[in-house]
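Alright, structures below, take your time with them.
Across the two complexes that follow, chain A remains constant while its partner is chain B and subsequently chain C.
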Partner chain A sequence: MREILSIHVGQCGNQIADRFWRLILREHGLTDQGTPKEGSSASSNANMEVFFHKIRDGKYIPRAVLVDLEPGVIARIESGDMSQLFDESSIVRKIPGAANNWARGYHVEGERVIDQVMNVIDNAVEKTKGLQGFLMTHSIGGGSGSGLGSLILERLRQAYPKKKIFTFSVAPSPVISDSAVEPYNAILTLQRILDHADGAVILDNEALFRIAKAKLHRAPNYMDLNHIVALIMSSVTASLRFPGRLNTDLNEFVTNLVPFPGNHFFTASFAPMRAPGQEGQVRSNFPDLARETFSQDNFTAAIDWQQGVYLAASALFRGDIKQKDVDENMASIRKELNFASYMPSAGGLKLGVAETAPEGFATSGLALVNHTGIAAVFERLVSQFDIMFDNHAYTHWYEAAGVSRDMMASARDSIANLAKSYRDAS
Partner chain B sequence: MDPNLERQLMSASRSVEEVRRLAYRDPARIGQLVEQISVLADLRQKEGDFRKAESLYREALYRAQELKKPDPELLCGIHSLLAHLYDRWGRMDKAAEYYEKALKIADDAHLENNDKVATIKNNLAMIFKQLRDYPKAEQYYQEALETFRSTDGGESPRVASVLNNLGVLYYSNMDVERAQQMHEHALGIRQSLANDQLDPTDLSQTYINLGAVYKATGDFQKAEACVDRAKRIRAAMNGFHPNPRRAASLLIDKT
Partner chain C sequence: MKVNNTIVISIGQAGNQIAASFWKTLCQEHGIDPLSGSIAPGSNPRGNWSSFFSQLGESGSGSFVPRSVMVDLEPSVIEHVKSTSGSLFNPANLISRQEGAGGNFAVGYSGAGREVLPEVMNRVTYEIDKCDNVGGIIVIHSTGGGTGSGFGSLLIESIKEKYPEAPVLSCAVLPSPQVSSVVTEPYNTVFALNCLRRTADACLIFDNEALFELAHRKWNIESPTVDDLNLLITEALAGITASMRFSGFLTVEISLRELLTNLVPQPSLHFLMCAFAPLTPPDRSKFEEMGVEDMIKSLFDNGSVFAACSPMEGRFLSTAVLYRGIMEDKPLADASLAAMREKLPLTYWIPTAFKIGYVEQSGISHRKSMVLLANNTEIARVLDRICHNFDKLWQRKAFANWYLNEGMNEEQIVALRASAQELIQSYQVAEESGAKAKSQDESVTASRAYGGGDDPRRTSSVSLRDLVDRR
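== the complex of A and B ==
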């Protein structure tokens, strides 16, 4: 079996875990405790072992490691409906907290907990027969998900050099923000994602906020944003969890979506985007679904669509969908997508269809794309970084926790270069 | 892999997992967890997976520090296990660092006159010898010797081992005369040991070391006689080697 181990780090990473596992339990016909629902057929046609570990009494346990430096979110998961779902031996929580400081998550508190995290991961890996890789969910703006997340990425790469590492990384935005130092944390983390991950789906709070606001008609909160993230994760991983032909393993994702080394930052779009609980209200026809899937304002990163080009893209449609509809509609959509001149015109967009739609949806669409306009996200973070850094604002907190200004400057330069390499590829 | 080791590893992994669950709910179980983790780490080291062994020992260390009343003997022990691991891994700087940390803990807790501490000093001396810091190596050997004399008695196997180590140190530092004294003293002790206390490999090693010393002083007859004795002991062992790991390095902390 080609198993995948999910690692959820920090407050945001675990809130996403809460939403994500809830969704995929339903898709696989499992109860909140991980036991098969009576009369459920979903589990029979799925690759359950990829995301779940089956134990003797027929219960499925998520292949997941939950890590946080603050007990709050994990405690809520444990006291909620899914209290019996996760294996307690794979939960790592420590009290001190990283105080929104990357350096504390990476050095001070991280140092004390990283070995335990790695031991728990090693133990989970030993339960697999043919692990294909890791998924990490975290935010890159806070302290734990960013700092400790970075440390985990480094150690994972050292320990498992041949396994694929994918991250779902939530990028900070001033429109919904907890602290002033988020750009520092984000830049330091992006450097580790650049160096140690094989692919990263960037979930930009700036874009998520805009999407949520447009669909909900009110000021969204973190739970709304995390719900969108979970929907996207569930669809990105659907091709790994259900039989199909497109992107059936992480290697294929990388081969299809990463044309140049290092340019492995993706953005995604999910359609139809609805508020939680309203999913069933709109039943869109396929042309509308396909349009919404590739609608520019539906993507989860604030992409510069004007200046950029598509490097690669894949789309997965789920539910009751006819291949004929897909072929007919996507041909015209493909023509409108502005692919890089050197990319094969037919090969740039990969299409897949899966039978099982997410819970509550009759049909759904997902686009996962590598677009050079993502440079705008990095440039925005770099410029926010520069304003504070050039004035030495807040850097003493990082120096006090073992991260020098030189280290910060070098991270900033790598990300500025990354943005430039995307611009150059346009 | 050795199927026996594989079985032990599996069962140790399961125990760690189980105690992790218990300790997650009940912090009072952390002591038990530390113990189980150390068992698994030791097996990982035997398996040759130093990376996993390291991270297990390090977890044990941080967990042991979380205890309400950290036990200095336990902390000192885990530090020395980690140091020993780094030593086997060939990471001498790290090994020295952790042995020194272990000694500092022992010192703060007034555990000086303890055979574990003496073992640490002996092993640390061996690392300083490899790093060619002979004065420090000698000092730690002397301190280890003094402690073993008071804990085990002057004519004990461990005293002989440290004397042997000192002899090797003097010899590599070109101090042949003192090397000879040490090895002759070690030989005297080892010859008088009861059979159940004597490791024939050690005895033959002493003869070989003495042979080298005599050769260096120009006394070739004595040197040849020593080498002959060593050969005969080895031959009598008939290929049987009770503890192969002790052949290379002399005193190995197995606690």
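== the complex of A and C ==
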């Protein structure tokens, strides 16, 4: 089998884990404790082993490692509905937290736990027959998900040089900031994602908030935002979990979506976006679904659509959808998408169809795209970084925790170059 | 669940009076009996109690003990605490001496202070050893008296020497002639500032001058007493520590270290001020409630900050707002806070310094409340006032003999005064740099100067760079 190991790091990473595994369990007809629901056939036609490890009594255990430097979120998962789901030995929780400081997550606190984390990961990998790679969920603006997440990425790449590493990375939003040092944390983490990951889906809280607000018709909370992330993750991984033809493994994702080395930062869109519990009430026809899937304000990062072009894109439609509908409608949508001039006109957009829709949905659409406008996300962070860095704001916290100004400057230059390489690819 | 543990050390008359009322409030918030440290049989204390309380034994049976060390060089306040707190505190952690510090920094720092230091460090070490993880040490003291200023400085220095990794937050009550008992307060404060500036990780200022006005105007008290001011301080301290004691909604505790990461942009710029809302008189809070929008307006109002200055006239370097008990109003609060942010004089070189925390658990006297923690350059005005009073006395060497007799020399005194001036200057430099480059910054963002090269911003930062080295 081609198993995938999910690694959830930090508060945000584990909150997403909570939502993500909830969805995945339902899609595979499992209870919150990982046992097959009576009369459910959902597990029969799925590649269960990719995301679950089956133990003797017929229970399925997620191939997941939960790591946090603050125990709160994990404690809540363990005391909630899914209390029996995760393997106790795959959870690493420590105090005192990284205090919003990448350097503490990477050096001070990270070094204390990294051996244990890698041990847990190695043990989980040993339970696989043919691991294809890793998924990491984390935020890049905080301390644990960013700093410890970066350290884990480095060690993963060292220990498993041939395996694919994908991240779902929550980026600081342009308007709402969670902490003063987000630009530093984000730039330092992006450098590690650039160097050590094969692909990263960038999700920004601001965009998620905007989408949630527009679609839920009420003020969204973090749970809603994490739910959107979970829906996207579920659909990105659907092609790995259910039989199909497109993007059936992580290698194929990389081949289809990454035209130049290093340009592996994606943004995603999920449709139809509905308030939880109301998914089934609206049954959209395919043209509407396809249009919403590729609507610019449905994407989860602050992309510069005007200046940029599509480098690559793939779409997955799930549920009761006819191939004929897809072929007819997508031809016109493809024409509207502004692809880079040097991309083959028909080749840039890959389409797939899967029978199983997410729980509660009749049909759904997912777009995963590599668009050069993502440079805007990096440019904004670099410019915030510069203003603070040049004025020595907050750098003492990093130096005190073993991250020199040179190290920070080199991360900054990597990401400025990354932005430039995206702009040059336009 | 293991959490970060915080130890509270209170020093001197004001420090211990505040601490006594602070611990009483904490007991009430966590459902612990303030006279015995016990809880109702079969129940558990509310929230992450172990952040501020320890417990003997593994579970259930033992009572809950504040992680507190109280020190005074004279006996009256400690005796009062002993007689009014039942068996709440560990008696070994209530340390006092007979002779007092005579309102003299030098006595607290070198004379009687040195003598009591080993016993106090012993108790601090004992408390630190009991912690799963030391999240921070909060020192509550006034800078006007001899014990709070002198012994406070000495103890902070000793703690940082032995435990350099533990974040130390000084909560310093600054003197005001309105409620003053000691004429040498300006001396003591200026001398203490040197240690607070060089050794403490951050210093939260409670300015009695402002608190007196607040108690007078907002609480309608004709002539407020120290007790009234201490109540205000207690409300703020309970609000500030709430995020360390209770889990928020989806966010978990905000540790002291995390607050400091966000609030201290440069090592020398670590003097914070705070504000609390609502400032409804305590006896009316049961009947009147303030809306969240008004609370946010009031937090940033020049007249309600706990320091005698006008933050809106200065520049905000960093800001944290902590909500309590307003989960359903959070979207509204966020929106009005975002609107408020637009109006604030922010510092252009710190674009993202705005931390928000929220805790579901209400405080004792208000169902909904908020605390503002701000690093604002107007703190220079407060420090300048103290220095001005210092200079008036020092010009004539008035009362200087008390310090000289205790072994300080004039050179030292001049150097300590100069150190306070440097602190004021660093905030003045920060204020100027935050304003003047604003237009420059906009032009840079517009032209998107990439890949380094001749960056105009680099020239504007020279003075700030000097500051960093100066510490």
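By our rule, the second predicted complex is superposed on the first by the 421 of 426 C-alpha atoms of A that agree within 3 Å, B and C clash if a C-alpha of one lies under 4 Å from a C-alpha of the other, contacts with A are read in each partner's own complex, and residues count from 1 in each chain.
The definition used in the following text is that a contact is a pair of C-beta atoms (placed from the backbone, for glycine too) under 8 Å apart; a residue touches a chain by one contact, two chains touch by 3 or more.
Just so you know, these numbers come straight off a predicted model, no measurement behind them.
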Original post:
Clash or fit: how do chain B and chain C relate after the overlay on chain A?
Top reply: fit
**OP:** Have a look at where A:Ala75 lands relative to chain B and chain C in the superposition and call it first, second, both or neither.
**Re:** second
**OP:** Look at A:Ala180 in the shared chain and tell me whether it touches chain B only, chain C only, both, or neither; answer first, second, both or neither.
**Re:** second
Subject >> Winner by number of chain A residues touched, once chain B and chain C are compared >> reply: C
Original post:
Which partner does A:Lys420 reach: the first (chain B), the second (chain C), both, or neither?
Top reply: second
Original post:
Which partner does A:Asp115 contact after superposing on A: first (chain B), second (chain C), both, neither?
Top reply: first
Original post:
After the superposition on chain A, what angle is formed at the C-alpha centre of chain A by the C-alpha centres of chain B and chain C, rounded to the nearest 10 degrees?
Top reply: 80
Original post:
Touching A:Pro287, do we find chain B (first), chain C (second), both, or neither?
Top reply: neither
**OP:** For A:Asn101, decide between first (touching chain B), second (touching chain C), both and neither.
**Re:** second
**OP:** Once the structures are superposed on A, label A:Gly262 by its partner contacts, choosing first (chain B), second (chain C), both or neither.
**Re:** neither
Original post:
By how many Å are the closest C-alpha atoms of chain B and chain C apart after the superposition?
Top reply: 9
Subject >> Contact residues common to both interfaces of chain A (with chain B and with chain C) >> reply: none
**OP:** Spell out the part of chain B that touches chain A in their complex, as residue ranges.
**Re:** 13, 16-18, 20-21, 24-25, 37, 51-52, 54-56, 58-59, 62-63
Original post:
chain B touches which residues of chain A in the complex?
Top reply: 87-89, 91, 112-116, 118-120, 122-123, 126, 158-159
**OP:** Going by the contact rule at the top, pick out the chain C residues touching chain A in the complex.
**Re:** 1-4, 132-133, 135, 247, 249-253, 255, 257-258, 260-267, 318, 330-331, 334, 338, 348-356, 433, 441, 444-445, 448, 450-452, 455, 457-458, 461, 464-465, 468
Subject >> Touching residues (chain side chain A, partner chain C) in the complex >> reply: 11, 15, 70-73, 75, 95-97, 99-101, 143, 172, 175-183, 219, 221-223, 379, 382-384, 386-388, 390-394, 396-397, 413, 416-417, 419-420
